[in-house]
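Sharing a structure here in structure tokens format.
Letters are used for the chains, namely A, B, C and D, taken in the order the chains are written, and counting of residues starts over at 1 for each.
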Amino acid sequence: MGVRVQAEPFDFGAEAAAFGRGLPDVGAIVTFSGIVRADGGAMSEMVIEHYPGMTERALGAIRAEAIARFGLAEALVIHRFGPMRPGDQIMMVATAARHRADAFAAAEFLMDYLKSRAPFWKKETRPDGTDWVAARDEDEAALRRW
Amino acid sequence: MGVRVQAEPFDFGAEAAAFGRGLPDVGAIVTFSGIVRADGGAMSEMVIEHYPGMTERALGAIRAEAIARFGLAEALVIHRFGPMRPGDQIMMVATAARHRADAFAAAEFLMDYLKSRAPFWKKETRPDGTDWVAARDEDEAALRRW
Amino acid sequence: MTTIEVLYFAWLRERIGAGRERIETAAPDVRALVAQLSAMDDRHAAAFADLAAVRVALDQDLADLDAPLAGVREVAFFPPMTGG
Amino acid sequence: MTTIEVLYFAWLRERIGAGRERIETAAPDVRALVAQLSAMDDRHAAAFADLAAVRVALDQDLADLDAPLAGVREVAFFPPMTGG
């Protein structure tokens, strides 16, 4: 239940609230949610492609590593694929730990690995056409801190 | 509207969802929520005392500094006072930015400053009695990274 | 001599037995005010026995023990903060 | 000779014009398979023209271009990932 890959929108507030319920001896919960930016109106649509099967496998491994490394009580990853519009939620992660330092570090770790190691690809439609988003050097560099 | 200090419980999921709505060109939202730990049943009640007036003033200044320093589109701080039980939400922060690095850094900055510079004091009831929580050296040390 | 409001929080409030009192003082700085308060009775003396554990705010801004009191109307004493 | 499933994603899929194909190969490693695929036609050649921009997964685990293909049933080629 800790990894979901889906085309459907999800309710960030409801997911965040449900995630925190009934976790024993948890003092800190961190969530991250990624939203489609309009970039000042320059972006009209985004489509996310993924690799069914490998996506779940990769996210599951990243989640397990985060739980082990930061001693988490729980961790959740939800990531959508398919067409999306500015303002839509793309994805979220949530982490629960005894103390805030572990919950924050684990959420950043999940995001850094998910960005560069889970098989998702974004394609954007802008006034000058439709193209695949290029990977950013700083996303790859972010992995080196772990 | 970015700082609330209250005795009443708040709905973390509803607050998190409302925070993210209608923010233009925001790609990343981070939330932190602090929860009363039971510490394996050793803690039965917590009471938080605060300094009315100064609390709002201190939190407002910390929030303004976070917005300026990390270029946030929005930031929210909610902190309760009064009696609480294990599992209750004590407080939350939320940050919204274009990119995830700023949203994460700002949430950690808010938490580090709030912990040691906003006038709240926790008192815990345990089997051996009731006492004030001692400040932790690492909380003071955490401020030095900013 | 001026009149200031002195506030106490957490265990300082409990040791002194009051959250607030009005004090007539000519103290030029916080340290002199603490000396005046400590001399009032055993409760105040106990509250200020370990100054390393005491923090101070002047008119709701954090300050240190050597800060001057000129123009200040509200002084608060409390232990290190433990919110979040 | 063995039969493997070859998958393409994002712009590799678009350049090749298919998301999946079944390939008979004796290639010992990924690099040899890429050479075989590139020789098939212009579309494949275009897709693999810049290998620095191509990532590979073997049976759904990330691998590199020198990884051996022994026992592998599914090979996927795609650009650097851009999720999150």
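Going forward, contacts are C-beta pairs under 8 Å (C-beta built on N, C-alpha and C of every residue); 3 or more make two chains touch, one makes a residue touch a chain.
Just so it is clear, the model here is predicted, and its values are computed rather than measured.
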Which neighbours does chain A have in common with chain C? B
If you take the chains that touch chain B and keep only those that also touch chain C, what is left? none
Averaged-CA centre spacing for the pair chain B and chain A, given as whole angstrom: 23
For chain A versus chain D, what separation do you get between their C-alpha means, in angstrom? 26
Compute the distance, rounded to whole Å, between the mean C-alpha positions of chain C and chain D. 72
Where the centres are mean C-alpha positions, what is the separation of chain B from chain D, in Å? 48
What parts of chain D, by residue number, touch at least two of the other chains? 84
Residues of chain A touching at least two other chains: 34, 100, 111
According to the definition of touch, which chains form touching pairs? A-B, A-D, B-C
Show which residues of chain B lie in contact with chain A when the two form their complex. 11-18, 20, 24-40, 89, 98, 100, 103-104, 107-108, 111
What part of chain A is in contact with chain D in the complex they form? 34, 48-51, 53-54, 57-58, 79, 90-91, 111, 114-123, 132-135, 140
Contact set on chain C toward chain B in their complex: 7, 9-11, 13, 57, 60-62, 76, 78-84
